[in-house]
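Heads up, the thing below is written out as structure tokens.
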Amino acid sequence: MAGLGRTLAMQAINSLIILFVILVIISVMFVYLNQKQLEAVVIEATQMFVRNLERNPNLTPEQKEQLAKAFEYNMRVRFGLIGSPAERIFNLMTRLITLDLGNARNAYLGASTSVKDQIVFALKNTIILFTTATIISTIIGILLGMSAARRAGSILDKAVSFVAILSSSIPFWWLGMLMLLAFSFKLGWFPYSAKDVYVAVARLQAMLQAGQLDKLTYFLKYLYTWAYYMVLPLITVVILSIGSWAYVTRNIVLSKLTEDFVMTARAKGVPERKVLYGHVLRAASPPIVTIIALSMVSSLGGAIITETVFGWPGMGLLYWVSLSNGEAMLLAANVYVTVLLFIIVVFALNFIYAILDPRVRTGAATYTPR
Amino acid sequence: MRGIVKAVDNVSFSLEKETVLGIAGESGSGKSTLAWSIMGLPPPPGRIIEGRIFIDGIDVLSLKEEERRRKILWQKVSMVFQGAINAFNPVYTIGYQIAEPLMLHRGYSKKEALQKAAELVKSVGLNPDVIHRYPHELSGGMKQRAVIAMALALDPPLLIADEPTTALDVVVQAQILNLLKKLKFERKLSVILITHDLSVIAELADYVAVMYAGRIVEYGPIEEIYNNPRHPYTQLLLSSIPRLRGTIDKLRFIPGEPPDLINPPKGCKFHPRCPFVFDECRVSEPDLITVGENHLARCWLASKR
Amino acid sequence: MPSRKRIKEIFLLFVKSKMGLAGLILLIILASLAVLFPVVGDQEKINNWRNYEYWIDYPKKAPPCWAQRNSFPTQIITGEDTVSYEYKVFRVNDLTVHSYIVRFIIERNTPTSMNLRLNVSYNKTTYVYIAIVRPDGQIVNLTNNYESPTLTSMRTVFGVSSSSYNGTVYKNLASYINNPQIANLYIAPWLEANNIAVGSTELSVLSSKGSQIIFMKLTPAILTNPELLEGEYKLRVDIISRDESVSTGFVSLSLIGTCYGVLGTDVYGRDLSQAVLYGIRWALIIGLLVAFVSTLAGGLYGILSGYYGGLIDEILLRIAQIVYSIPVLPLLIILSYMLKPSIWNLVGLLIAFGWPGTALVTRSMALQLKEETYVEAARAFGASHGRIILKYILPQTLPYLFASMALGVPGAILTEAAVSFLGLGDPTKITWGRILNEAQASMATVNGYWWWVIPPGLMIMMAGTTFIFIGYALDTVLNPRLKR
């Protein structure tokens, strides 16, 4: 299908442009953000180096000066402080694209100080949490929305709409705080800091190694441990997301239900279930996909904050940690990877949209009559 | 204002094979409601309250919904829709949608069904690779043909055509009407043709039923109706068609508006707009009485002469 | 512009819908509270929000009084309350003693703190004696008493010079007592004199809860299962000076309660109800400003882009699409980190990221509208582009713009709250997000300070819901679609 191919190509170009623009913005921001901080670090390090040099009696003052200069220059190179702003921006961009990310000062998440490792670690966790949450809330939300649409005007329908509207004015992170108050403080059922999941898992692994657990028990306990730490953030995200999924689905499905082809399908003797899912939902899926793509933009922000409330060791928390510790490369890489993924996902969604809706394929020629 | 509307009230007729019944009337006269009700699918929130429908000897309303779906819908009676623009689901191909009833009711495989769809599409005068196209790629006339092809998929004895040519220009209209005539002859099809356009009915129908306010006000063979209309409404309808030849001094129309069916007028439902109204009309509603060979009219005036 | 009659029509329809009415009522409530804050709230408290000294006499981390069963309300006894205290002057050897006995009642619960303030003026060595006389007649010394070899100096207790001082002295007696030294020197001996054993575990209990224990019944279980001794207590404070011309004055004794007000206090003792009320102002200002400007700017941008078409449209569209696709919050956070954390910067950023949504919609509207026959007709009789846009295109987009404006407010409020919550907002402005940020920083969830966490969030919800109701009702009224 030539139409499909051309549509995809155009979207790919769009995505690349956006990625490029954002890359530029990030790099510009970081170069300026960094300047002052890193200058200070370099100067301090150089001064320490010079002090150490002073203690060495074997060098002449000229040699000491030379070594000091060389040291300072090397440091500047290492921190990317050489060259005009434009050069530095370009450098940063290149490093980001080629994923040459270097090391952070500390291992904030996971065991390694490498920026790449920390990001991979954080990314893994964020994906675990948010993918699970998305799957659960989409399925339930869509089913709920469809039920509401079919019984438009009923109590279920009104309740769905009302709850959805309410939940779109509740901040994710506040709900998280409430959850912690209720379930961690009051009831003590769940832990405060989700980061500790790795500690717990490590303990389990040690037990497995020491032969205290058999494989099956280990596996079950492993799942249970993850569930234990994940439940609160998961429920928070799911509760709020179901509302908007249900509402959007309800509206879109409702608009499709009143279309003529639905009556046509019924007249053709298509069983009601197939009418709903095969015809209505299928016809509603393109706009629903659009809404998903649009909501990705805002859910990204929500993810950051939700993770900080629960201490979930994901990209959001890493973002926050690197921001508060002034870890520029970590932060830049974090933002870059997040945006990259985001763009890939949106692109994939647009691709899915093009598959689902034949009307958007560019270049599809209108059939000429005989 | 809320209340119960009798969209279709006391309508009775019977139809033979290879006959076309034209049902004529303004919008709001209950034609579409009638059409959907014959299939057993009154448009919500409507309900069929009383009456019986026999198609090919089967009492449609006595069947349970599931049975109706399996035995009647599309197999005994199918429909060609008004505004075929939206009769097709935009996300599936034409071929798939034509093939759908074949796969559902006759157990065809997808391949077989698509083959049959191609044949059907050919028989309505379209190029068989239309089945690979999506609805938005077809012109209005092509889609109308495709809708007809879809309606014929299971070879039903009865076809209901609800305003099949309304959205089309006259040239395409003529083509579709010719197609319908051809199909009627080739397949011995019975057709209920519903439209407000009397010229279309003139082209195709054998019998005509004129509806007003949910009732049949005149019924008869086409020559009788067109040459000797007895109900004032029919007369006015016919006289409002501008003639192609001859001088036109004034455009004729019927004054007033269709009645509010929640609070219909007493007596004959047409009396507020009838130029021949007299006392009897305002008081009681006339029954359908024979006014000629196979010709009935619901009018006090007609019953007098 | 639609006629007056039409506007009235719209208004009536709007009010008829339940959502519109609810939204309108909520809006009126919020707006009145915001505008009338000087009347319904305490402006002084807000002005002193960052002045920690102002809040010394307020209970810290205190829940609201209606939520506590056994509460001890804050009592402040001042020098003017001549009924509540006695003042005597006498001499002991060569020392002049100004003795104050302040009476207060303890019932239902103990105070969380006792803040003592006195005015003193002396030029020679001065000592102080403090004791609590209980209803059961027991006297708990909090400093050395007259039978001890030495008296406790002013410096030890009040931290001022013992030889010469002129001014107010202040001591938080609860934190004074909750101290291992004091527990060891005075409280433990008192208990042991009453046959209650004090070992090292008991000592550590006294070091943190001593200020409560002194108000408990003297039973063997006083440290493990204390029971409140209700009744009239007296605080005795003697200023003992070698300076005959020593002058003193009783300023106040604040017995800080266990609860406070409508919404309790935060970790600094600040009245949260005022903060929450004041936050309405900022929420409304930010929300309305951002929504209004970004909708208007975006709307015009879109109209111009759609109307002029061609290359201009292509460029403008691309720009809008790119800005629209940028994930706002991550960038917003970094930008807030880098720029001055001023609330107006934040508003500017929110507008800068908020306009494309409206622009994209008004652009498609303009694209359609410019093909209408009346626009063609207008062009035919020579109307300028500006006139066509103002007279024919813009009015048609107004219904959408109004609804969109209302619906844009919650987003702005939520985003600002999120940024403030992360600590990147304006530290000089009290917003709900900021309150929650401070709550999180003080581990409010871990410690169960629900009164600090729940109300600000509820307000955010309420403000958001108000505008969603309004926007939704506006949308239904102004953009009638086929009803089901």
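Going in written order, the chains are labelled A, B and C, and every chain counts its residues from 1.
In the analysis below, contacts are C-beta pairs under 8 Å (C-beta built on N, C-alpha and C of every residue); 3 or more make two chains touch, one makes a residue touch a chain.
In this text the structure is predicted, and so the values were computed from the model without any measurement.
Taken as a contact graph, with one node per protein chain and an edge wherever two chains touch, the assembly forms an open path, each chain linked only to its neighbours along a line.
In this view the innermost chain, defined by its CA centroid being closest to the centroid of all protein CA atoms, is A. The greatest number of inter-chain C-beta pairs in contact is found between A-C. Mean C-alpha positions place subunit A and subunit C at a centre distance of 32 Å. The distance from the centre of subunit B to the centre of subunit C, with each centre set as the mean of the Cα atoms, comes to 71 Å. Note on chain placement: the centre of subunit A and the centre of subunit B lie 57 Å apart, centres being C-alpha means. Across the complex, subunit B meets subunit A through its residues 36, 39, 41, 43, 69-70, 72-75, 78-79, 81, 83, 85-92, 100-101, 104-105, 126-127, 130, 133-134, 136-139, 141-142, 150. Of all the residues in subunit A, the ones that touch subunit B in their complex are 259-261, 263-271, 279, 282-283, 285-286, 356-359, 364-367, 369-370. Here subunit A touches subunit C in the complex through residues 14, 17-18, 21-22, 25, 29, 32-33, 152-153, 165-166, 168-171, 173-175, 177-178, 180-181, 184-186, 192, 254, 258, 297-298, 300-302, 304-305, 308-309, 319-320, 323, 331, 335, 338-339, 342-343, 346, going by the rule given at the top. Considering their complex, residues 318, 321-322, 324-335, 337-338, 410, 414-415, 417-418, 421-422, 436, 439-440, 444-448, 450, 453-454, 456-457, 460-461, 463-465, 468-469, 472, 482, 484 of subunit C touch subunit A.
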